[in-house]
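Chain lettering (A, B, C and D) follows the sequence in which the chains are written, and residue indices restart at 1 in each chain.
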Amino acid sequence: MLDKIGIAKRIAKEVQDGYYVNLGIGIPTLVANYVRDDIEVEFQSENGVLGMGPFPFEGEEDADIINAGKQTITTLPGASFFDSAMSFSMIRGQHVHLTILGAMEVAENGDIANWKIPGKMVKGMGGAMDLVASAENIIVAMMHTNRAGESKLLKRCSLPLTGVGCVKKIVTNLAVIEVTDKGFKLLERAPGVSVEEIVKATEGQLTIDGDIPEMTI
Amino acid sequence: MLDKIGIAKRIAKEVQDGYYVNLGIGIPTLVANYVRDDIEVEFQSENGVLGMGPFPFEGEEDADIINAGKQTITTLPGASFFDSAMSFSMIRGQHVHLTILGAMEVAENGDIANWKIPGKMVKGMGGAMDLVASAENIIVAMMHTNRAGESKLLKRCSLPLTGVGCVKKIVTNLAVIEVTDKGFKLLERAPGVSVEEIVKATEGQLTIDGDIPEMTI
Amino acid sequence: MINKKVNSVKEATEGISDNMTFMLGGFGLSGIPENAIKALVDSNIKELTCISNNAGVDDFGLGLLLKKRQIKKMVSSYVGENDEFERQMLSGELDVELIPQGTLAERCRAAQAGFPAIFTPAGYGTEVAEGKEVREFDGKMYVLEHAFKADFAFVKAWKGDDAGNLIFKGTARNFNPVMCGAATITVAEVEELVPAGTLDPNQIHIPGIFVQRIFQGKDYEKRIEQRTVRVRE
Amino acid sequence: MINKKVNSVKEATEGISDNMTFMLGGFGLSGIPENAIKALVDSNIKELTCISNNAGVDDFGLGLLLKKRQIKKMVSSYVGENDEFERQMLSGELDVELIPQGTLAERCRAAQAGFPAIFTPAGYGTEVAEGKEVREFDGKMYVLEHAFKADFAFVKAWKGDDAGNLIFKGTARNFNPVMCGAATITVAEVEELVPAGTLDPNQIHIPGIFVQRIFQGKDYEKRIEQRTVRVRE
């Protein structure tokens, strides 16, 4: 079974040379730490920066240079700053190749819910609805089940949607799953996790085609 | 009767303190030379400059600094350069207060035709259609009649339109005319021009209300 | 040069009144018009509608207006990090309209650029699209979203000149440029106000035509929400 | 940093072929991609559709492609100053679609920004709006215009870096920024190509994400169409 860092490490393998990537808050943010050194990747943050680098050294924080999680950041050579309209031009115009974000629920048709739980305080969708409605390649990072042990990979989402039919891949603590025309398809098992455990934890239609390899991270 | 410079001088009096102004090619371009010195005005050119100044001194021309007439220009303190989308944001968003342009025909309902003569080589509308569809205040600078002596102030335009119901005022070699709900309204006569001459040269409905003063330029 | 300079935040905010709609730049606490917000708090005007990506924190930014219950409605994409906001929202005192961040930006830009509405894919199939026109283009679905209308836009820039030209710094740029010219009156406050002719005309982010009033801000706090650092090895 | 640098205009124009649609930056002869145009001429590809505000003059700019009859259709706002153009247009050899300048800019920007279409007031009530959807918003009429689709965009910038970031100069900026990212492949040529990290991230006009290939241009002629000067007193 993977922990959060394991999920981030596995997703990092999906990042390819030449990709512009938008990382959501939480596990997705960790992905940046595990991308291979020998490929060229740039990270975009929807508040208006491309070419994000690591956190600043203590004492070098700048209130005017933050990411979408409001964290102080630095930039790398080749970086640029821009306004919110241009930022979403990059996203909506599909210039950003890959979006990695968390979710509360994903449905077998690729629907995603990650912004609102009725009856609870709703903080808002931020840029998530733009990202999922636009990106060609969307990978969800999440736990396979919620705290009550219920599957988060569903036949249909029960929560208000963030976007429809958009998720392409899901990496959880248990598995790597592709979203296909015929529902979820199991691609890889997490180390030490059996196919049976994954089936049990998945409510939506799950296709298992032949031997399912254990993932390497 | 006014010559082209006279028309430009008369129109210059319409330019008010704090106005951003877009000047078309021809007579309108001359207007800049006659605006009062004691008011603050900035000239915009739709190819991407605000705060245009006079032509450069010989030897100081820069191929990268031109106006919409492709003439080399200079800029004044406070000027800025921008792309074509932002330039038309200024125009379409009505941040430019006044547009002055030439015309082949103006109709009594404010329609304007100034870009195309069927059967002749058509060069294109450039920014004129955006300008006339957007500006709150549009003044047309033109001769009252064409070379054949026919009125250019018509009941309806005969040429393909550039914009509908948009012209607010017309300054010709003979008169200053306002476009109202009830058609053309004569405001001023050019020096030495009689009301009768103006009536004769105007095909569209022309309201003459009381004594018509001779203009001062 | 058309002079946009005013001498105080008081002069810059002249004309504000109850029931108005304001746009306010900033993302989180970065790039917010600190001086204008303080003036709004001091003015005691109320029943305001505020279009702003976020709603500040309890004791800073728009949180200061919320605390004094001057805001009737917030139009934002994300409103976390604010207990008083949560209390007013859950109690029904505060009306909140949540819209996608890119839609928020583009509805401002539409107002700036004279577009009545835009078609965006964001929110299609979600409750954000409920009651709105949707349309298919090339096999993809889009939602029709309208340009905002606002009385004042309050923005914060890094540098500005008397002609109203603005330059922003880093990610403090965010929503500030798209709000310029998107309201009837745009008020810009800057960290450094210089005479016209000082800034490079080639490097202006927002030309002065989109700004009605500009003033030299003061006492910028520029608070950091998430101070994340790494250790020097 | 994702490296966009290619070493020659030949490499930069790889993949061009007959029947393609190109966007070309520039206003008049100012800010046109001189190197790319020459490469297109040398390539002998034909039946091209060119989206460009103007069509050059007889012996420069797009006029060079017209002279060799490589262009099937021009999409422009203004096409004066070109005798060969006039001859081909009047003889029916060349198809010409004239559209308002602001509409041209915004149909590029729509493609760049992922919008399928826009509502603009320009051209309402004229032949430009014939056959197009019109709609009233707040008592004003607008025409629905669609985003362009193009295979290549050729743009010219003043400075650029290996990451594809661009800075333009003066009014040579014009249509170049709005065409970046508006085609499948954007090719930028620059007067000065510098290593990534050299340009101020705060002063980039077009971030490299909108550019697929960038190269150091050469032998810029930068011709002036109307040399207007005043006499030194």
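Quick note on the criterion: contacts are C-beta pairs under 8 Å (C-beta built on N, C-alpha and C of every residue); 3 or more make two chains touch, one makes a residue touch a chain.
Being a predicted model, the structure only gives us computed values, none of them experimental.
Enquirer: Among the other chains, which touch chain A and chain D together?
Expert: Touches both chain A and chain D: C.
Enquirer: Going by C-alpha centroids, which chain is farthest from chain C? Tell me that one.
Expert: Farthest by centroid: B.
Enquirer: For the pairs A-C and B-C, output the one whose chains share more C-beta pairs in contact.
Expert: By the number of C-beta pairs in contact, the winner is A-C.
Enquirer: As a quick test, compute the distance in whole Å between the mean CA positions of chain A and chain C.
Expert: 28
Enquirer: Give, as an integer number of Å, the spacing between the C-alpha centres of chain B and chain A.
Expert: Chain A and chain B have C-alpha centres separated by 55 Å.
Enquirer: CA centre of chain B versus CA centre of chain C: separation in Å?
Expert: 36
Enquirer: From the mean C-alpha coordinate of chain C to that of chain D, what's the distance rounded to whole Å?
Expert: Comparing mean C-alpha positions, chain D is 33 Å from chain C.
Enquirer: What parts of chain B, by residue number, touch at least two of the other chains?
Expert: As it turns out, chain B has residues touching two or more other chains at 49, 81-82, 85, 88, 91-92, 134.
Enquirer: In chain D, which residues are in touch with two or more of the other chains?
Expert: 109, 114-115, 120-121, 168-170, 201-202 - these are the residues of chain D that touch more than one other chain.
Enquirer: Can you identify all of the chain pairs that touch?
Expert: Here the touching chain pairs work out to A-C, A-D, B-C, B-D, C-D.
Enquirer: Show me the residue ranges of chain B that touch chain C in the complex, using the header's touch definition.
Expert: Counting only chain B, the residues touching chain C are 18-20, 40-42, 44, 49-51, 75-82, 85-86, 88-96, 134.
Enquirer: Which chain C residues qualify as touching chain D in the complex?
Expert: 114-121, 137-138, 140, 142, 146, 167-170, 201-203
Enquirer: Note which residues of chain C are touching chain A in the complex, please.
Expert: Chain C reaches chain A through residues 27-31, 53, 76-80, 86, 89-90, 98, 100-106, 108-109, 120-128, 158, 168-178, 205, 222-232.
Enquirer: Where on chain C does chain B make contact in their complex?
Expert: 1-3, 109, 111-115, 161-163, 165, 181, 195-197, 201-202, 204, 207-210
Enquirer: Within their complex, state which residues of chain B touch chain D.
Expert: Chain B residues touching chain D: 45-49, 54-73, 81-85, 87-88, 91-92, 111, 121-130, 133-134, 160-165.
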